[in-house]
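Two complexes, one shared chain (subunit A), two partners (subunit B, subunit C).
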Partner chain A sequence: MSTSTKPKVRVMSGNEACAEGALAAGIRFFGGYPITPSSEIAEVLCYRLPAIGGRFIQMEDEIGAMGSIIGASLAGAKSMTATSGPGFSLKQENIGYACMTEVPCVIVNVMRGGPSTGLPTMAAQGDVMQAKWGTHGDHPIITLTPNSVPETYELTVRAFNLSEKYRVPVILLLDEILGHTEEKFVIPESVEIVDRIKPSDPPETYLPYKHTESGVPPMASFGEGYRYHVTGLAHDETGFPTNNPAEIGKLAERLRRKLDDARDDIVDVQRVECDDAEVLVFAYGCTARSANQAVLEARSRGLKAGLLRPRTMWPFPDREIHALAQQVKQIIVPELADGQIAHEVEWAAKGACPVKGFGRIDGQPIRPVQILELIEEASR
Partner chain B sequence: MSFRYEMRLSGEGGQGLVLAGKILAEAAAIYDDRNATQSQSYGPEARGGASKSEVIISDGEIDFPKAENLDLLLALTQEALDKYNSDLKVGGLLLADAENAARIPEGDWRVYKIPFIGTARDKVGRAIVANIVALGVIVKLSGAVSEKAAEEAILARVPRGTEELNMEAYRTGLAIGEEMAG
Partner chain C sequence: MAKKLVNYDSYLRLDKFPLIWCPGCGDGIVLKAILRAVDRMEIDKNDVCMVSGIGCSSRTPGYVDFNTLHTTHGRALAFATGVKMVRPDLHVVLVTGDGDATAIGGNHFIHAARRNIDITVLLYNNWIYGMTGGQASPATPSGDRASTAPFGSIEPNFDIAGLAAAAGASFVARETVAKPASMDKLIEKAMKNKGFSLVELFTPCPTTYGRRNKMANPVDMVEDLKRRSVTVAKAERLGSDLPEDAIVTGVIVEDDTRPEYTDRYAKLIQQLSGAVK
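Then we have the complex of A and B:
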């Protein structure tokens, strides 16, 4: 299945590309609450969705918005919400509900400076651990981190596809710079679209949380004759709550296994000049753009620098980092946060090489020259 | 070294500087077939407060989308001129509004004091098109986008019914630029 549009050069922002990507992926429901720097996503979808028979609703707050996309998805509509830090915090309880009830949905967080209302119009990357652990309890989740307007489009489509394929909420982490920077972009004529698997059993024998081999149970849409129970409580295959340790264990195990088994399908990195690299930079999002420029500049000066850039942040590309950690003298981790990802990289490197974090949390982007200086220092 | 041109359009929120930046980026990327980025910075206010739009035009890839070595700075307010002039390179073009950004800081630049807002208000008839007057001057003095590309980009972007007004503003800007360059 594909969607098509006229191939036309456009200049658009990351937020607009996100909305276009959602439309290409088959979004039919957006529930949101506007917040800088994410509001353009809602702005585009509020007139585009009704025009194609979809629904757009501005809810009373972010908690309601998150609840609305879970409900819409249970009724069969591909659903998304978009927010920034303060709203992302409010959505956490319902994100956990979507994890536990295995409801596909996409949550876009265009990161701004925090904590609290922080810096509404300035870029940050301080929600990356919140994307993984913001809701309580062990839970499966996927997080994607694009670094350009075209890639925001591509990874929004992928966010929907992974969400449908594995029945998990997928978080798309953008930042103010990506959301608001406009770049040249030609919308692809078609994209690959994945739809959730529907049950082949009749309603009478349907088990909504069946422990299938893949770990992903077929999902019936409400309104199609299947009536079943959905709860945030630990449940058995019927969807009803259970306190039976054996049943709880089976559920927990399946939730973990369905993403563990699919790890290589989900983890996605870009390597720039890594083959003979002696100094590695690990960076994502807007910071990866500065890192890319720094690495190319370092190469032009004869320094063997490379960039490892995660397009999927969670599950974490630990094996990819570990492999390169054994080859390089140092890994530099620039981020618009105070060491959040640097600590993860250090864990993944397992002592094979030193890891140097470089955090910036004053609302300003990390400039290429700052990373270049770190590469030069590490190369000495 | 391939072509690269960095511009910063600054003033206060509501002056249409982000729109002017978008038009320049679209002119370069769509009609001149180069690469371009437009990025913006503004405060939490809906109106007022220092605001800027940065446009980078290049024949190569543009990684870091923020301007660091400006070829051109437009300032429509004194606050913006004082706040945003530090990255203007030696010999760069400084276009300052003659009435609202009259105190020019020390710097080795090519300075033009132009009454953008006054011209838009008194000659074109609407102060709101000062951004498009400025765009005309920028196109003429910078040469970073072609005149034809800018015209097509303006017409594709401005609200329907305002094409004539905006074209008048654009042509007025081109004429000012021509005069300044001469």
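Then we have the complex of A and C:
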């Protein structure tokens, strides 16, 4: 590792860090549409991309933005879009298309209060289930949930890498607080970059949706001499539509298996004071910052509290939760949503301990003292 | 000079035949016209990207040996915009229908035209949603019947070529499957135009449109298209005497003065490279 250059220290917002992370990861195409509180991501990238030979376009709507990044990725560019709740809803059909056709791309959702137009300038975490199930039909998906400005940079890079590695759309869930909070941040001198696997077969024998051992088929870009077909219809290994139940089953099984098999590579949690914890808090994003503060405060008062923080939300860290559920008296799940993740945690705990949800959907953050009170109550 | 015969088979994915289209459908006539245009231009098949949405016409890419992308309903132009921006050197040809392009995809249609991005849109207009069973589209002529307009459509229909022209397309043309030779010439012109091009191609749907509108016989439908066709030049001469049901065919807009979008973007890149940290 080189230490010869001075580290770049900057103060920036989560949205800016997201754009910088995308650039570090090798983004070459951004298609977006203005929406609060995500617009700064587009505003950084429209300035930076052309200067490095990349492309930016402000599309006519959210649906078009999502379509454009899929087209760009098929043409060979690492691609991203950024939005917030209402736009995320609009993008869902094309997100499903990217799942079905296995096109790598990154979708950033800077969450705001909903439903509907809701609270454009206030934080929420109510899109976490939409990130998993927003598009129709069964489909595995990856969703990452950073909790700070530096981590937004880090996980944006990771979102691109996972997307390229597994040929899946990856959703990066930020929230209004994270998007607009400015923090000091040392920009890494270099980051690890993963590129999609290119075919080694000649065009004559290339199977664009080959059922490979890893489940991830090599991907040719349009215009490279591999003339293949891409469709959102159920397809066989050749990429052409099929109604054959055996072929449909093989496709569905591979789409599931490629992420199932990679589960431990994708799932990523941070544990704070968990070793001897008697009360566990499970929190992510901006709420995890309050939870972290509450746990440290509880410890200073002699209470054995711990924090389990998912940096990957989907696939869900169910085993990690289940392991700790055997050890603790209670799991507290604070979230800026009405029990969306508490319900998942309860499922993962499988009755090993009680799970207490604490939701807030009035646009305000959950304060550390509110979580501390719950820890104290559970410790009694 | 002997006319070179087009080897259609060399462009087709024959193992995907038979075609999904009904007997009497005009879409196959359009498909052959596209292949004649590509063949005449001597474009390498690797350099063509054919994108489509959802519907009968949008199944065209499945049968041709290019880079082919069958997208979501109405969104083909959004996907195509991404492809074209990343690979401006590719010939991006878009196949769509009246419902796909002007109802659910109407927004992308006018904005792609406004940007004058170099995409060739071949719009098969059969006045109906064929694949879903004959529902009314924005192109269904007012008064005509559809499965969702059993008493006759009470909506005015779009002039699709006029819409593209008004939105800023630099090449706009119209033709019908009754004149296949003229179709391929217009498609070739559209593909050669550096900018957004629309060729509106009228093609009969006897199955879901004709049968409901006293024209179940495909031959009659093609004869009807031929009878109604009036060239742009003749339409100008006729002026107000132009019959109400006339289909004005030929080149409607040809404007090579408008800057093309990916060209402008390339200039921006050139201007900025090295200039911004």
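Rule of thumb we're sticking to: the second predicted complex is superposed on the first by the 374 of 380 C-alpha atoms of A that agree within 3 Å, B and C clash if a C-alpha of one lies under 4 Å from a C-alpha of the other, contacts with A are read in each partner's own complex, and residues count from 1 in each chain.
The rule is short, and it goes like this: a contact is a pair of C-beta atoms (placed from the backbone, for glycine too) under 8 Å apart; a residue touches a chain by one contact, two chains touch by 3 or more.
Treat the numbers as computed from the prediction; the structure is a model and nothing was measured.
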Partners on subunit A (subunit B, subunit C) - clash or fit: fit
Which of subunit B and subunit C A:227 touches, first, second, both or neither: second
Subunit B versus subunit C as contact partner of A:292, first or second or both or neither: first
After the two structures are overlaid on chain A, angle v-u-w for subunit B, subunit A, subunit C in degrees (C-alpha centres, nearest 10): 110
Comparison of subunit B and subunit C by subunit A residues contacted: C
Partner chain(s) touched by A:69 [first = subunit B, second = subunit C, both, neither]: second
Minimum C-alpha separation between subunit B and subunit C after superposing on chain A, in Å: 16
On subunit A, positions contacted by subunit B and by subunit C: none
Contact footprint of subunit B on subunit A as seen in their complex: 9-11, 36, 120-121, 177, 180-184, 286, 289-290, 292-293, 296, 365, 367-368
Subunit A partner contacts - residues on subunit C that touch it in the complex: 13, 16, 45-47, 49, 51, 61-62, 65-72, 75, 77-87, 89-90, 107-108, 110-111, 265, 268-269, 272-277
In the complex with subunit A, residue positions of subunit B that touch it: 22, 25-26, 29-30, 33, 35-44, 62-66, 68
Residue ranges of subunit A touching subunit C (in the complex, touch as defined): 28-29, 31, 47-48, 50-53, 55, 57, 59-61, 63-77, 79, 93-94, 97, 222-233, 240-241
